[in-house]
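Before anything else, here is the set of structures, which you'll find just below.
Each of the next two complexes has subunit A plus one other chain: subunit B in the first, subunit C in the second.
For the complex of A and B:
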C-alpha cells in the first residue's frame, strides 16, 4: 500500500500541476489538460486501438523479440570465442555508432515501407545493447562454475543452457531493459517516416491536421504504453532473476 | 585406484620480447604417488605448492606437460565420469540459479540416468549429508557449512569411484569444519570410495587420512609420505588427544617446515 503510494505519488502531482496550470490556456498548441483528456476517450476507441495500436505493438514485439534472439545468440558465440571476438568487435563498434533513424531511408529502399522495414529498423537499434551485454555477461562467467561444469561432464548445449546463459542472465536482462526503451522510440520513428497506420503515424496525422488535443492524447497513450511495457518487463525479470536478487540481498547483508 | 606418475607441469607465458622472451614457470616438477582403491589419502603442502595445478591435472581439467595420471587403470585425458570433485569455493561451485535438488541432479541428467534413479540418488545423497528437507531451497539460502554439504551430496550422487576434495573446509568455521570432517570419514567408510583430500591443515590431514602425502614447495615433488596408524574409528575428542596423533602431526609439521626451508635455500643462490 505504501509502495503504491510512492509509485503513484509523483505522477499524480505532475498531472495535477499540468491540469491546474493549463486550465485557462488560450494557446492553440497547448490546450488545457481537461480538453486533452476529453478527446482521449473520443479518439482512442476500440476501433482505433485495433487499427493503429495493435499494428504498432505487433511490430514492436516482433522487432524486439527478433533483436533479443539475435543479440543473445550472437553474444553467446562471441563471448565464448576469443578469436571471434577479436575479429568481430571493431566492426560491431562501427555499426553500433550509427544512429538507427538515419538508416530508415536506406532500409526503405531495400525493404519497402511495410512492416518489414519497421521491424528491421527496430531490430537494428535494439540488437546492440542485448548483444554487447550478453558478450560481457558470458565473458564474466565464474571460472569455478565453468570448471565445475566440465568436471561433471556438463558440456556442449547443456553447458550453454544450464550454466553460461543463467550465469550471464542478470547482465543480459540489463541489455534487454535498455533495448525495450529503444524499441519503443524506433517503433514511433519508423512509423513517422512512411506508414499507413500505427501510433507514430496517427500522432503525426493529428499534428498535420491541427487536431492538437488529439495529438497530445496520442502522446499520453504512448507514455502509458511505455510505462506498462516496462512494468511488465520488471515483473518478468523479477520472477526469472529471483535467485539473483535473493543472492544479492544475502551477500549484501553479510 | 588413482596413479600419478612423474607428473610435471610447466606454464608458458609469452614474454614481451616476442621470440626469445618465453618465460617458463615450472609448477610441478616430478610427482609420483598412488591412492589405492578405497583408500583415503590426504595431501598437504606449504602454501603455493601447486596443489591447485595438481588437482586440475588429476581432474582432467588441465593437460600435464609430462608424466601421466591414471584412474582405475585408464589414463586421464579429460574429465572422467569415475571422478567427482568438491571445490574449495562452494559459493562459486554451486549454481545459485538452481535449487539444491537441481544442483545435485544436473550431473546425473548429463549421465542420462532415468528419472526415478535420479530422484532416488538425489534423495539418498542429501539424506547422507544430513540435508533432507532442503531440496527446494536455493544454495545461497543455506549457511556455508550446509552449502559445502550440498556440494558433497552432488559429488556422492554422481557415484564416482574416486572423490577429489580441494581444501573443501578452508572457508568454514572451526566447529562446522569438525562436523564436516566426521561426515567425510563416515561417507568414505560407508561408500567405500577412493578419496584424495587436499588440505593445508596438518591436523586435518592426520585426523582424516589413512596416509598423508607431503609435498615440497613449487616446483613440486613428493617430500615425504607417512602412514597414519591410528584406529579406524576416530572422533574429534579422543583421536586428537592421542599421543600417536601428536607424534604424527609433529612429523608432518617438520616435513612441511623442511619443505619451506628447502625452497628458501634453493631460491637464495639465484637471487
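For the complex of A and C:
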C-alpha cells in the first residue's frame, strides 16, 4: 500500500498540477491538458495507429534486430582475435563518435527515402554500441574458463555458444540497451527527414500546420512508446540474465 | 601502431571503392576528394564559426545539465523519502526520446540556440542524474554513521562523505552526458536548422556538395572522439586518488 503510494504519488501530483495550471491557459503553444487529452483520443484512432505507428514500429524492430545480430557476430569475431581488435579499434571508436543522425543524409544518397533507408539508418546507428560492448564482454571472458573448455576439446561454435556468449552476455545486454534508445531517436529523425507516414512524420506535420494539441498528444505518445519499450527490454533482460542477477545479489549479500 | 594501420586501411578502402567503380563516386567520393573538400572548408571563417556554434551549444547545455543533475541527484539521493517518491517519475521520464521535443523546441525557440539547448539539456540531464543517484546509494553506511557519531552536520557529511563516494559516478555521468550532448547538439542543428556543423551538413546535402558533406561528417566524428578522450583524461586526473584509477597504473 505504501509502496503503491510512492510509485503513483508524484506522477499523480504532477499530472494534476499540469491539469490545473494549464486549465485556463490562453497560451497558444501550451494548451490546457484537457484539450490535449481530448485530441489524443481523437488523433490516435485505430486507423491512425495502423497507418503511422505500425510502420514506424516495424522499421524500428527490423533495424534493431539486424543491428543486434550484426553487432554481436562482428563483436565476437573481433573480441576473440587480439590482432584484429588492435587494428580496427580506432576505426570503430571513430564511427561510434559520429552522431548517428548525420548519417541520414549519407544513407539517403544510397538508399533513397524508402523504408530501406530508415532501416539502414537505424542499423548503422545502433550497431556501434552493440559491437563495442560485445568486444569488451568477449575480451573479459575468464581465461580459466576458456582454457578449461579448450582442455575438454570444446572448440569452434560450441565454445562460442557455451562459454563466450554467456560470459559476455551482461555486457552485450548493456550495449543492446544503449542501442534501443538510439534506435528510437533514429526512427523519429529519419521520418522527420523524408517520409510519407510514421510517428516522426506525423508529429512534424502537426507542428507545421500548428495543430498544437495534436502535436502535444504525439509527443506524449512518443514518450509512452519510449517508456514501454524500455520496460519491455528490462523485463526481457531480467529474464534472460536471471542467473547473472541472482549471482550478483548473492555475492553482494556476502 | 596497428590502430594506425587500421585507420590507413579505412582511408584506402574509401579511396579504392569509388576509384574502381564499385560504388558510384557521386554517392561516396574517394578519400582524396573528401580531404580536398575538408582542406577548402577549414580555411573558411564559416567553418570555424559553425564549429564554435556547435561547441557553444554543447558546452552550455552540458554545463546546465551537469549542474542540475548533480544538485537534484544529491538532494533526491540523500533524502530517502524523496528518493522513493521520485523513482517512478524518473524511470518514466528518462526513456522519453529527447527528439520527441523537437517540434516543441521549434515552436518555442525557432532556430535559435535555445532549441539546441532544450534538447541537449534534456538528454544529458538524465545521464548525470541517474549516475549521481547510483553514487549516492553507494555511500558506505559505516562511513556515514562514523561521520554522524562525530557530529558532522548535514553539509559536512555531504562534503566529506557523500561527495567523494559519488564523484567517480559523477564523472561517469559527465562522460556519458558529454557524448550524448554532442549528438543532440548536432541533431538539433541538422533537423531544426540552428546554426552549427549540423546545419552545414544539411546545407551541403541539399546543394549536392557530397565531398563537403562527408568532410563535415568526419569532423563531427573527430569532435566526438576528441570529447571522449578529453573526458577520460579529465576523469583520470581528477580521480587520481581513487582506487579504480590507482589500480590501473602499472607498478
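Remarks
Methods note: the second predicted complex is superposed on the first by the 244 of 254 C-alpha atoms of A that agree within 3 Å, B and C clash if a C-alpha of one lies under 4 Å from a C-alpha of the other, contacts with A are read in each partner's own complex, and residues count from 1 in each chain.
Criterion: a contact is a pair of C-beta atoms (placed from the backbone, for glycine too) under 8 Å apart; a residue touches a chain by one contact, two chains touch by 3 or more.
Predicted model only: the values in this text are computed from it and were never measured.
On the superposed subunit A, the two partners subunit B and subunit C both fit, without a clash.
After overlaying the two complexes on the shared chain, residue contacts for A:113 are found with neither subunit B nor subunit C.
Of the two partner chains, subunit C is the only one touched by A:83; subunit B is not. Taking subunit B and subunit C in turn and counting the residues of subunit A each one touches, the greater count comes from C.
When the shared chain is aligned, subunit B comes close enough to touch A:162, but subunit C does not. After the superposition on chain A, the angle subunit B-subunit A-subunit C between C-alpha centres rounds to 90°, nearest 10. By the document's definition of touching, of the two partners only subunit C reaches A:189; subunit B does not.
Of the two partner chains, subunit C is the only one that A:9 touches; subunit B does not reach it.
Contact with subunit B, but none with subunit C, is seen for A:152 once the two complexes are overlaid on the shared chain. Per the superposed model, the minimal spacing between any CA atom of subunit B and any CA atom of subunit C is 15 Å. Within subunit A, not a single residue is touched by subunit B in the first complex and by subunit C in the second. Every residue of subunit C that touches subunit A in the complex is listed here, in rising order: 2-7, 9-10, 26-28, 84-89, 92-104, 106-108, 179, 182-183, 186-187, 190-191, 198, 201-202, 205, 210, 213-214, 216-217, 220-225, 227-228. Considering their complex, residues 56, 59-61, 79, 81, 83-85, 87, 89, 92-93, 95-98, 106-107, 109-111, 138, 140-141, 154, 158 of subunit B touch subunit A. On the subunit A side of its complex with subunit B, the touching residues are 142, 144-145, 147-148, 150-155, 158, 162-163, 166-167, 169, 243-244, 246-247, 250-251.
Listed in rising order, the residues of subunit A touching subunit C in the complex are 6-11, 14, 29, 83, 86-91, 93-106, 108-110, 181, 184-185, 188-189, 192-193, 200, 203-204, 206-207, 212, 215, 218-219, 222-223, 226-227, 229-230.
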